[in-house]
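Here subunit A shows up in two complexes: once beside subunit B, once beside subunit C.
Take a look at the complex of A and B:
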């Protein structure tokens, strides 16, 4: 709901934007067709509902895009299921039949009899407008699609009257007799229903009834709304596009069903056509369908077929001398009948007409009308061309209708000549020229001037149109750019015959931020009608300005070059801790040897002193424990050596604790043996 | 006078040597151990003087362990010496085994 509301808002915004311009409508083109592929062809090949499927397939059919082979399988399954099941709602049956009409899933003699009886019962028992609509239109579709059925409505006139009873005096219709709410959308549905009743009726329906409907239609046209650019539409709670489309559908089917003809005001029909063409390319599937369906109804109807005048290009180039082309076609882009196009007036921006009543020539190959000769006084600028279409009324079968006058904004462009361009430095009060240079603005000149703050700079040139009139451009700027990238822009004003700019440096000193130095001079002249707009670097001027006082504002910081900010930075060289100077390896090894020497001397001294191990116990038990004890001590010393060489503290401590416990036991045994031995000696 | 001083030195040295030989073997072993430890410490100090004190930790641990064990051995010698009468009442344990056990634990 949110999306639809948003889409409606956007559409109305678009329409408001259009209504202020004298815009040209374009008929449906290939851009519509490619957009339709995006909007209507689902990604997975299946549609969410039969209503959506019908809208998509009908739009693709009108636009001439053949996608039936891709889409038919899944949708046809759905259609067959709905038509086969006895419990389907009237709405589903209606849409299933509509889709079937396009895809032709079931056709020929295979008449779904229960569907027919359901629709007939629905028509008889209906009380609501929608029920009437679905059942009657469903029966019409069955009659079209399946041959060999003899469908007639039992009591056509009674049904006609009961539908008619829902109408209101202002032309709108109610959805049901209980609910007082009425809408124009419902009017469209009612017209379609009544058309169906008329076509299915076994005998003629009373003409007076039909006449009342026709008066009702004309009453409905009183509620037609209008935009400033000449488009008409019907508004309602469903939105302008849906409501207007519904009314147009109803009117075309009503006009087609009955024989006496329907007279509708032609300009309003053209206005309705322009409304739909002015929508552009809708993004919403429902709006797209309504637009295309309404235009298809307008293309081929019994009252009047609108013709649209469009221009592929609204710019006339006086230098290229190409003709102005005009196309006339129906709303869907099909060929128009033989007619003549006349340029009634070409109004320039002052309001006077420079071309009057010029017939356009017709080129049969491209089916366009063109104007190739322009009068001598056709100058550059903006014009409004007023076209009229002359129809040959008698030769046509259908009644065609066009706008009385189509107003088109046209821009004429040409080459503007630049003359007497010169730049000068003037002395201030006296006004005498110190240095003056002629400029050739087509080349980048190497003009080099110098000035101080007491002087003035004067730039002047003349612009003339191809016809020799004075031309005032939209844009004429002079830019002074300092070496430090600070820029200043000044406007060159046109007065009288020439464009002139005088820069008084005395007054501009503060604006220039007191920056002395070399300034680049750049001149820009541009306009929509000017084909040779230019940007030229005239040259340089050396400005000598006084020193900046303290209070004066600083020039603004210029943005740094992004590449320097985000470019690679200087390489970082890391400084590591210089490793300590170690002594030479040989020296360390010599001292290792020297350390060992005292140990050897100690051992030699011990043997010299007569150290012995005589009191080593001899008995087996004591000997083993003593051996183990000494062995354990030796193991601990070995562990220390290993710790020094490669083990870490934790493994060492673990091993040490184990060895320690072992040594405790063994040592205790050895000592107790020794104590026992010495006690024995003492006692002995 | 030089001759007499050198003769005095020789006499002094000879008397010391003879007195020293009278000490019991135990004490001589302990003395030898002390000399060995001190020499090891001196060699380490000489190495440090040569190559600088990096790494200082190693130098300290080496020297101080040697000096420490020398000091403990000297304490043992004092306590074990039978002729050292004034020390008798100062020991925690009076018998030889206890003294040796204390030494071992200290080391």
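Take a look at the complex of A and C:
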């Protein structure tokens, strides 16, 4: 628990430090106003609850943004409904009255009688702090908004005592008498309630009672927590912003209600104001409201109004000769009374004072104080300026309060002159200059050098401030970048008047991973107070280094370019096998013709020989069997043709076997007929 | 028993809407996001970033990083789909959370936004290291840039960097160019060169370096120039996405609202690029962009519509695949000209770029190679910022059957002619021989 608290504390500290890098508070400005419009955006024209509506309307009112007309119709309907209904809770009534105070939905003599009696009964019967708070503050709101009612609390002192009874010895308060847990947030609510009781009381409350509350307040201030930069806050389970805002609201209304006045430590009040300004612009509506409302309370209170010293710019450019401007205003950015601002001290980074006790001039038009001339010995660098505000206390009706001293870090920047820049390659043993080039570092140069591992590279330049002093930049790097993207950084150190770097390649071969080849040379000189920081590509050097021994370390892996890693690959198309070369179709057809020729010759030969078929049987039976026989042969030949064209072997063989049997039969008949005919002829 | 089953039914009814919000392939956007803060005031100081997430439908659960009840999973089920760690100083997480459980969370395909800052704790550095990101070891070091800092009236350190070296990827940073530089104040990191899943989104300029601004340098800084990464992303092999930023302030309302002018540049912007950058980056990390889904691979012979069981060599085929991109609400057609298909057996035989019909369908046609065996259609799509698609479908390819060769070869006509003329001669001769007188 402790550790967590500490960590949270540290982080909030960091946050404050970040939000407020220069630890100079800026008062509420236009950026808050534009952010408020984003933060308090009603959903569909109205807010979820009257509480949210009040917070939004109150914040916008404080910031001076008029959005009432857009929001009044829907919200007012709600207000009238809550005030009219007898069953509304005290909390709703309180927020309805709060909203009514801003929007003026109901006003004048039209006093909601039921509401008043309800609140009065609530105040009488209350046991819990919140009930007291809602009913008493509700009555105060009714008193402010509606005229002509008798709202006096008959037993104000009794109520005061019963609220007071909830307080603890450390200045914090409990929410109820049976709950021992005390809270700083509740203390704020209690102060507001007590303030309400005092203002509603028909006669004066016993001063001793008020005095005990005042001592309680001082006790509460003992529990105040502090950041290093002088801001104060109250911590509690509701968060530092809510808790601190609650206390400040309570204190303001308590101080307003009674006459003797509160005497609170001024530095702590300024610290609280700085805490709220240091928060920046909260994105949460509740935090935003608490910040703005608390600052508004601080702006207009009866104990002490904090004044904030702010600088529009903490960076002074010596080349532009701008005056140093300082503004003093209240936390919400309104004008401060007449006062004087003194620059008590200006300390440089070594801690010696450069400027002492100089009063700033005032420009009434822009309401700024300014220091228009710096002493002759004011050079570039980092300074801490200590300002004091001189208040004429008697002249003001309000009690203003300021920080005793405001410390502001200031950075003075200027143009640094760069001279005598040169680069040279030296021979190692004798130190004689091999080649030397003058450089103009403001432009990228095309210097081209070459060296081997026995030589040295020397780079030197001179930096001087506008005052002519030697300037040591924070960043003076020489970068050697090999073709394979391996980089080496060397610091250029300043000694005496010159910044010089000598690279002895003999001692560096290992560091350079024995990589010979072209190295690009890049020089970077930069500093926070240097306005002309530069990055110069001087040129390149061709290094000839010895071969890499086996055991030497390999250069580190360089990151690959993400763009080249992705992206489409080259297309691949398949190379098909080339089909075998065949002769032309015409050639085949010619040969087909040649093949057919012998058949034609055969037919012609037959006719020449005078063949006949005179012995074809003339009897019907023999002629039939001869015709069938030749038909069969024809069918077999046709079957072969069909086999070639489409039939498969099995069908062909089946058909062939049938035809074969048929042929055997008719062939035998034909041949025996022929044989019988020839026998007859012979015997005849 | 009745009671029990009824209560189970009731519980499941109650869980149903919860389940429907959870991470799924059909609806890849994370819904439930755990936000770990080391201070609850961050909720207010970074509210714009959180409210943009909320307005996009994310269910943010803010917890202190030291909360003793922290848990990412319960009964083996993850309670969240995304994790935002805005707790740079936390040395130890509360509850059961540690760097290993966060690595497991990412390994399960869930997403992470991690933001470090100057003086980041070892725990945060350790988580980043798991993702291939190496923060500068010097805990007081910050990124300093004397040439491209943001011109400001209150910052004299040049640690508020105006960075504009952004990764060129529509998937990661959206189609609208980020005009204004992004403001950055924080710690530098470098990427592990052996890890090719991680990449720089926002890089520093060549003149940047990482050092302690308030002390003199005694040795050259570890990280310099554009090797410094300011914001990096990692997409794991399971498409889990991680954003690692060296600056927590980058996401803050203050820098979102702040104007920016880069040193040496005449352009002055009313608003920094931070809001656009952070919003677009969060869209990417929570899979609202760049998440691809592919339908099945469809292929068939030219002129047919059904997918064959086998192809014959030299078949002409048509191939198509549908690829959709998740837009945060629905699946939109993906349009690109670099999707490729491979016809693959041991090595690609055909590699072809697919053409798109701009409605999500990618198609091409090609001839099956004259090599038979078991092939695969492979679509391996990797693009910067997109999820990786790796699809494959196996298909055998056979040679010609005996009756698929050419039937009547013209070269053989003389042989055919010889056969048939002989047969005709025989037929004629049979008459002459038998019946000549």
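Quick note on the criterion: the second predicted complex is superposed on the first by the 490 of 684 C-alpha atoms of A that agree within 3 Å, B and C clash if a C-alpha of one lies under 4 Å from a C-alpha of the other, contacts with A are read in each partner's own complex, and residues count from 1 in each chain.
One rule holds for everything that comes next: a residue touches a chain if its C-beta (ideal position, glycine included) is under 8 Å from a C-beta of that chain, and two chains touch if they have at least 3 such contacts.
No experiment lies behind these values; they were computed from the predicted model shown.
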Just subunit B (first), just subunit C (second), both, or neither: which does A:644 touch? second
Based on the superposed arrangement, let me know which partner A:606 touches: subunit B (first), subunit C (second), both, or neither? both
Of subunit C and subunit B, partner touching more subunit A residues: C
Once chain A of both complexes is superposed, is A:370 in touch with subunit B (first), subunit C (second), both, or neither? neither
Is A:227 in contact with subunit B, with subunit C, with both, or with neither (first, second, both, neither)? neither
Have a look at where A:513 lands relative to subunit B and subunit C in the superposition and call it first, second, both or neither. neither
With the two complexes superposed on chain A, say which partner A:580 touches: subunit B (first), subunit C (second), both, or neither. first
For A:594, decide between first (touching subunit B), second (touching subunit C), both and neither. both
Please work out whether A:362 is in contact with subunit B alone, subunit C alone, both, or neither, and reply first, second, both or neither. neither
Once the complexes are superposed, what residues of subunit A are shared between the subunit B interface and the subunit C interface? 582-583, 588, 591, 594-595, 598-599, 602, 606, 611
The answer for subunit A against subunit B in the complex is residues 580-583, 587-588, 591, 594-595, 597-599, 601-602, 605-606, 609-611
Touching residues of subunit C toward subunit A in the complex: what are they? 38-48, 50-51, 64, 66, 89-90, 144-147, 152-158, 167-168, 185, 191, 193-194, 196, 199-200, 206-207, 209, 211, 213, 216-217, 219-221, 224-225, 227, 249, 253-254, 257, 314, 338, 340, 342-343, 348-353, 366-367, 369-371, 382-384, 409-414, 416-428, 430-432, 434-437
Provide the residue numbers of subunit B that touch subunit A in the complex, in ascending order. 25, 28-29, 32-33, 35-36, 39-40, 43-44, 46-47, 50-52, 54
Listed in rising order, the residues of subunit A that touch subunit C in the complex are 3-4, 7-8, 10-12, 14-15, 18-19, 21-22, 24, 31, 35, 239-241, 280-284, 287, 311-315, 382, 409-411, 413, 472, 474-475, 477, 479, 487, 489-491, 522, 524, 526-530, 533-535, 556-560, 562-563, 565-574, 576-577, 582-583, 585, 588-589, 591-592, 594-596, 598-599, 602-603, 606, 611-616, 626, 630, 633-634, 637, 640-641, 644, 670, 674
